[in-house]
Structure formats: structure tokens, C-alpha cells
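Chain naming follows the written order as A, B and C, and within any one chain the residues start at number 1.
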Amino acid sequence: MDVPLWLLAIIAFGVINFMLISASVLVYAERKVSAYMQNRPGPNRVGPAGFLQPFADVFKLMFKEDVAPRAASPFVHSLAPVIMVVIAMTVPAMIPFARGVVIVDNSVTVLIILALTSVSVYGVTMAGWSSNSKFSLLGGLRSSAQMISYELSMGLAVASVVLLAGSLSVVEIVEDQSVGGAVLGWNVFRNPLGALIFVITAFAETNRAPFDLPEAEQELVGGYHTEYSGMKFGMFFLAEYVNWFVASFVIVTLFFGGYLLPFEPQILAAYPGLEGSVGLGLLQALCLLVKVGFFVFLFLWVRWTLPRFKYNQLMEIGWKVMLPAALVNVLLIAIAVAVFMG
Amino acid sequence: MLAESLFVMLGTLSVIGALGMLIARNPVSSALWLILTLFCVAGLYLTLSAEFIAVVQVLVYAGAIMVLFLFVIMLLNLGTMPTMKGVGWKKAVGFVLCVVVLTQLVLIGATGLDLLPATEVVDVANAGSATTIAKSLFTRYALAFEVIGILLLVATIGAVMLAKRRFA
Amino acid sequence: MDLAGAYEGILFDVAGGFTLLLLMTAGVVCIVWDIFSNDDPVLPVLAAMTCVVAAGWEVRGLDAGSSTAFYDLIRAYGLTSYINITLLISALVSIVLSVPYLNRIRRGYGEVYALILFATAGAVMLASANSLVTVFVGLETMSIALYILVGLVRQGGGGIESALKYFLLGAFSTGFFLYGIALLYGATGTMILPDLAAGFEARGSMMLLFWAGVALFLVGFLFKVSAVPFHMWTPDVYQGAPTPLTGYMSTASKAAAFAALILVLYYGLGDLAATKWQTALAVVALVTMVGGNIFALVQNNVKRMLAYSSVAHAGYVLVALVAGTGEGYAGAAYYLLIYSFMNLGAFGVMALLEWDQKEGSEQTIDSLSGVGLRKPILGVVMTVFMFSLIGFPPFGGFFGKIAVFAPAIEAGFTWLVIVGVLASALSGYYYLRVLYVFWMRPQSWSAPQVQAHKFPVPSLSAAVLVACAVVLTVIGFVPVVRDLPMVYFDVAFTGGTP
């Protein structure tokens, strides 16, 4: 489909703003959900039910003084949060929001997502190093070790999906999940181990609890962003929430049918007028958001329920459990593809 | 035209990155410059419409290898090398002029002796796609591919053996 | 490309790459076996058996005409079989000699034997290269396995030094090598060696790219064979490495690199090489022979002396390559076979005579006084090896030197050969010095560390060393070994494709 450039630009603008707004909604969601999980009210002063709290936070951050350590490397120190945000905001370009609604569609979009994920560690590492503080450095070190360890399993989980779809394009992977009619074609049913591995590694790659060692407050003050303040800190904050949101999008897109409606062929058979209409597109986008909403909640749920791993546990899980499991999974999927689809 | 201007831009940037890597006095800065170069090279692949190679370049070099590099450099906490002293702007300008003149001389000499390769346009429309690469990897270069597997195994064994074996 | 057809073709080619595939499989089996039964004494037996089987297979291929396999990636049979036998013998002898040695220094790890097999697989791939890709992959596989083997002993400092030196300089040379390959590919548009010249002609006006590529490529090779401007690493690396593995390194890796160089010169550069690169190679050969021998004169440690002597021997082989004729290449192949026996033997003897607790890296030649009288077997075989290394008539080295020098004279490089002969005469000093110390010095076995260790000579090692000595004594009188490589370059027999 040949979408004119101006339309793409509008969509991209919309997506970026959607992500920005979502981040503040997510901040609110996190604070509220965690509050309910801990049996306390959470923010309730700013706006109705405290809904404007995140916006107040943003204003607070914007008006704060930007303090950087004197021994910090100024350029890298400023670059790090920018990298984090830019990379976090780039991934949605590869996510199809409804059939045909995607900003970038070429033959290797899955790999681009993986590449962006692996590059995002630079934001953390550079922040950790350039701050010239031991807490930051430890956070940066932990982050790069963690990313490297879990990227392998993540890549292998994605490889199993790619094997099933026979394509490296995200759009084709989503469409490939429409086989089997209802929901059985979704990769989570065809490739459950891969889905599990991917979800776990997504937690690790976004530095969310229980994998939040790079910013472990109890030991490292704030981890890699200890020495950041003002809007630079705000950008890390933003990137973290966008990452979390985007990770949910990627999980849903690769393993839970993306924008596909459950029982889509049946619905289309019942309402033939829906085929190819804007209504179907809206339904698909809504469906995608509902699925994403679940995973957003899952991230919160896990964060406020499970304790953080120790460093040695982190490494053991990554190298001794996830990696072998991911390898076996790829092998099984490859055999299955060769036997049943070859 | 777009491809050419992109080539010039990315090429210049990658050379700047390479120079920066050499000149930088701090190992971490060096590594960061190198990452810039790697990204620019990936961009150059893109201008050749070799999307797969470009993404793999970022994924493997920038995403994995350089992260490990940074990790090790930061872990070792290497100090900054002594800065060069007494390089005034006169010397810098002189150096740049020398480089320009030398380039011109080499270029003139090479053209005069007919040593320069002729520019040619290669059809790369499909050469960089994952399918093409996979097919030649598993047929034409199957043996080399397998032996590279052994090579990686050897490297892994070596790393584990040299690092972990308890020597009596 | 039709995939099903392609796989059938690959299956058909398995016979051609049998040695390579067998070595890789056996290496993987060794590693997996080692996981379940750590440092199992069966592993070296398995590795040795693999070499024997593979060598048997290659003997079958000696008479067959050369062919290519795996989409022209490698060559099989003919000259390749000849070189592969050399490599396999070298691996076999090293494995047998390594077992008691490594057990004595408590490094008898199962991985070592797998690594030797992998290194040999890399060497075989390098020696049967028909494509720049194969050259590079084979070279890297071999080198990386060797880096690890060199660094096997690391608490003394010497092992670390030699492993690091080897690794860093090797990585540098690989960089040159790879850059050369890239330029060659750019200039010719092909990776297949026999197509290089044609591709160069077809593209036209790629002079700079092509010759720069060839130069960088040669630098990589000359590093691996330790020719003189690129030889600096050799003595330090040989000195610190475990001695039987030094023997392996000095023979197999050198033979494989030379074999690949022969293939590149013969197929890839063809007449181009004869016109343009003879002079450059001749200069390198000259300085290598002279330099290697002169440096060897002043060494007081036998391993260092043997290292410089191996530099000098690389020079002799280069003389044969300078000739640029079929006889020259055949002579080089023959010399490499003989050289493998001599050098493996010499390092094997030294491996049994180490009592400095540092893998012989600090042992002076004087500490070996009277060894010949105390251990007559070692003394006698060492005598054979030393005389052969000098190139003394009844032994193999003499016939080898004839085989490398005669073609150079025919090709008009008499001056080079004269220098070579003078250099070998010079080498007599340091080789005979070893024998003098062995036989004519009073015994100095009073040192306490020597007394503490009785240093028995394991019967298997002795048997292998004696076998090497016997082979060296008789090989010159078996003309078929010498003439065989000639046949491969005989146009009437092969149509010009060994």
C-alpha cells in the first residue's frame, strides 16, 4: 500500500503524541495501581481522583534546576537521556496499529526492533559512565551485563516467531497469526515457550522489576540516573514508561495476534459490511489497545508483587535457564515448521 | 541524488567517527566514537539497499560487541591517556593543509598512472535481502558456514578454558 | 537456486571434504565426551585414531586427479591430499607426544585434543582452499585454536606473554589479510581463486586495488609462515608454548599456510605473480634465510634456537615459491613434509628434556650436557634430526633442500640459491652445537632438580621419535614421495590443475 508521505507524517506525529500522553497516563496508573495493591489511596489531590498528578510532576521537573556533576562529561551526560527517549519513541514506528496502518513497513522490521532494543542500553551505559559517580557507574555496568545476557534469549524467541511466519516483517508476522481462524493461530498458542521467554526477557530489557537492578534504589540510590535532575531526569522517566508501554505493544504484536480481533473471520462473516471499512480498523486498534492494556497491567502487577533478583540469580536465569530453553524452543519450532509446513 | 548526498554525509561522519576514536584520550569516548562509525557504516549499507546487512550491523556490532567493549572498559576503569600538549591552531591548520595537499598529490598521481578503479553501478536491488543471503549461506557457502560454527565453538572453549580452569 | 538440488550436490561433495568433516566431527565428539567424562584418557586415543583414519582416506586420494567440492570452495585429492597427509602426520605425532608431556605438567585436559583436532581442521581447510573465503575461515579457525593452545600454561608468565603476543600480532596480521581479501574481491569481483586473474582482466583499470590487495594478502601469509620482516613473534611464542604444541605450531600451521600460498600463487595470480611478485618474494626469501640463521646463531635456549631455525626454513621454502614453476611448488610441498618430521622430532626430544619447570623456556643449552650418553635413544634421534635440519646428505633434509633449490636455479635465481646454501652452511654451527653438547660435554646431572626428576622417556614417545628419525633416514631413497607432488603439476597428467 502506498501511503502518501504527508499522511505518514501525520500518523507519526499522532503516534509520538499518543506515546507521550500515554506515558503520563501510565505514571498515574502505576501510582494508583501500586497504591491499591498496598492498600492506600495513592495520589488524590491534583485534579479529579488525582488524575492530573503526572502533569503536575512534569511541570515540577521542567522548572527544576538542571544540576550536573562538575566532573561529568557534559556532552555525553546530556546525550544519554536523549538517546533513551529517541530510541523508545522509534520502536512504535514498526508496530502496525490496524491492518495497513503502520509507519515503517519493510522486510526486516523485526530486526530493526531488536536492534533498537539492543542499542537502547547505550543510554543507560552512557548515563552511568558520564555522571562520574560510583552509583551511576554500577547501574550502567549492571544494565549492560543484563541487556547482553537477555538479548540472546530475546533474539532467539523472536527467531522462533520469524521461523513460523517465514518473514522478518512485523506486518507479515501479525497477518501470519490469522491462520486457524479464531485465536489458535496466535503465536502464544503455537509457540507458548517462546512467548513466555519473550515476556520475561521484555521485563529484563526494559529494566522493570524484578529486573530493575540498574536502578535499584536500596543499593544504588537511583542507579544510572542518580546524578540527573530536572528535565534530563524527566526524559529518563519518560523513556522508562514509554519503553514499558512499547514492550507491551511488541509482546502483543509478536505473540498475541497484534491488531487481530479474536474470532475475526466469524465477525466478518456475521457483519460483511465491516470488511475493509474504517470501522474494522478502529475495532482492530481498540483490540490492540485492550491487549496492550493487559500487559501494561501485568508489568505493574509483577513489579509490585515480586522482589528483585540478586545479581547472581539474574545471571543464572539468563544464561542457564532462558538461553537453553530458547535454543531448544527454536530447534523444536524449526523441526515443527519443517515437518508440518515444509 | 538522495543516495549520493547520503553517502557523502554518512561517509564523512564515519571518517570523523574513526578519527575521533583515534584522537579521543579516554577509552570510553573512543568506544563511543567507534559506535558512531558503526552506525554510519550501517547507514551506508542502507544506501546500497542492503537492509538486512545494515540492521545486522547495528544489531551485532553496535548492539552486542560494543556493549561488551564498553562494559569491559568501564569495569577496568582505565584512566585517561595524557593529552597532547602544545598543539596550537597554527599546527592544526598546517596539518589539515598538508593532508589536503597530500590527498591531491596522491589523487593526481593515481589518475595519471591510471590506477584508480572505474566507478561502476552494481545492481544491488535484491542482493541484500535476507532470503538471498540465507540461500547462498546454506548452499554455496555451506561448508564455510559450518566451519565458522566450529570457529565460534573453539573461541568459546578457549574463553571458558583460559578463564575457568583451576591451575594446579 | 534450487535448494533440493543444492543439498544433493552437497551430499555428493562429502567425499571430497571427508577429512575436514571427520576432523570437525571428531573434535565435537571429543568436547562432548569431555563434558561427561572430564579429561578422559580415551580422548587422545580418539583424536589420534581420527588422524590415522583421515590420513588413510587421503592416501586413497593421492592418485586421484584434483577436483573441487562444495561449490568450488575447497579442492580435494591430488596435491591437497599430499599436504593434508603432512598436516595429519604432524597432528598425530603432536598428539602422541603431548600426552605424557601435558600429564607431566598437569595440563592433560581433554579440550586440548579437541582443540588440536579443530586446529587441524582449520589447517586442512586452509591447505585445500580454492576460494578467498575458505582461506580466511581456515586460517582463523587454525589460528584461534593455536592461540588457546599456546596459552595453556599461564602461571609462569611466559605462557601468557607468548599467547598474548601471538594473539595480538596474529589479530593484526588477520586484519591485513582480510583487508587484502576485500580489495582483491573489489578488484576482481570473485572469491574463487582460479577466477581471480580472469576477473582482474575483465574488470580492467583496477591496478591499484588489485596489487594493494595482493600485497596485504601476502603480508598476512608471510606473518603466518614467519618470514623475516614479520617474524618477531616467533621466538617468544615458541619459547613460552608447551613444547610438543610448539612442534605442532611450527609444522602444521606453517605447512598449511604455505600450501594455501602455493594455491593462491598458482591459481589465483598465475602469470601475474611470476612477473610482478617474484622479486618481492625473492627479497623476502633472502632476508628470511639470512636473518633466521644469523639470529639462531646467538641463541642460548634450544627452543628459541629452533624457532629462529624455523624462520630460516620458511626462507628455504620461499625460495622454491620464488621459482614460480610447477617443480618449485612441488619441491615446496615435499620440503614441508620432510620439515614436519625434522621439526616435530626436534621439539619432541626437547619436550622430554625439560627440568626448568617453565616448559623449557629458561633452559640453557649447557644444561643439556651429556644427555646423549645418559639417554642414548634421545641422543641418536636428535643427531638424526639435527643433521637433517642442516641438510646433511643421507637424511631427508638434504633431498628436501635439493627439491627447493633446484627449481630456483632453473628459474634463474642462482644468486638466491647461493645465499641459501651459504645460509644452510651457517646453520651447521648452531645445529652441531646441540650435538656437541649432547655427546661431547661431561655430564652435568648433578643439579638437584634434575636429580629429583628421573625424567623417564615414555616408550610411546620414544617409538614416535625413532619412527620420525627412521623416516628421515630413508625418505630420500623413496623417490615416489618426492616425485608425487611433481605429478600434480604435470600438465600431461592433470591438464594443468593439480
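Everything below uses one rule, namely that contacts are C-beta pairs under 8 Å (C-beta built on N, C-alpha and C of every residue); 3 or more make two chains touch, one makes a residue touch a chain.
For clarity, every value in this text was computed on a predicted model and none was experimentally measured.
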Highest C-beta pair count, chain pair: B-C
Per-chain Cα centre nearest the global Cα centre, belonging to chain: B
Gap in Å, rounded to a whole number, between the CA centres of chain B and chain A: 30
Intercentroid distance (Cα basis), chain C paired with chain A, Å: 54
For chain B paired with chain C, centre-to-centre distance based on mean C-alpha positions, whole Å: 33
Complex interface listing, chain A residues touching chain B: 73, 76, 106-108, 111-112, 114-115, 117-119, 121-122, 125-126, 128-129, 137, 140-141, 144-145, 147-148, 151, 168
Touching residues (chain side chain B, partner chain C) in the complex: 110, 113-118, 135-136, 138-144, 146-148, 150-151, 153-155, 157-158, 161-162, 165, 167-168
Chain C residues touching chain B - in the complex, by the definition given at the top: 1, 3, 6-7, 10, 17, 20, 24, 27-28, 31, 70-71, 73-74, 106, 109, 111, 114-115, 118, 121-122, 125, 131, 133-134, 137-138, 140-141, 144-145, 147-148, 151, 154-155, 186-187, 203-209
Chain B to chain A touching residues, read off their complex: 26, 28-29, 32, 35, 51-52, 55-56, 58-59, 62-64, 67-68, 70-71, 74-75, 129-130
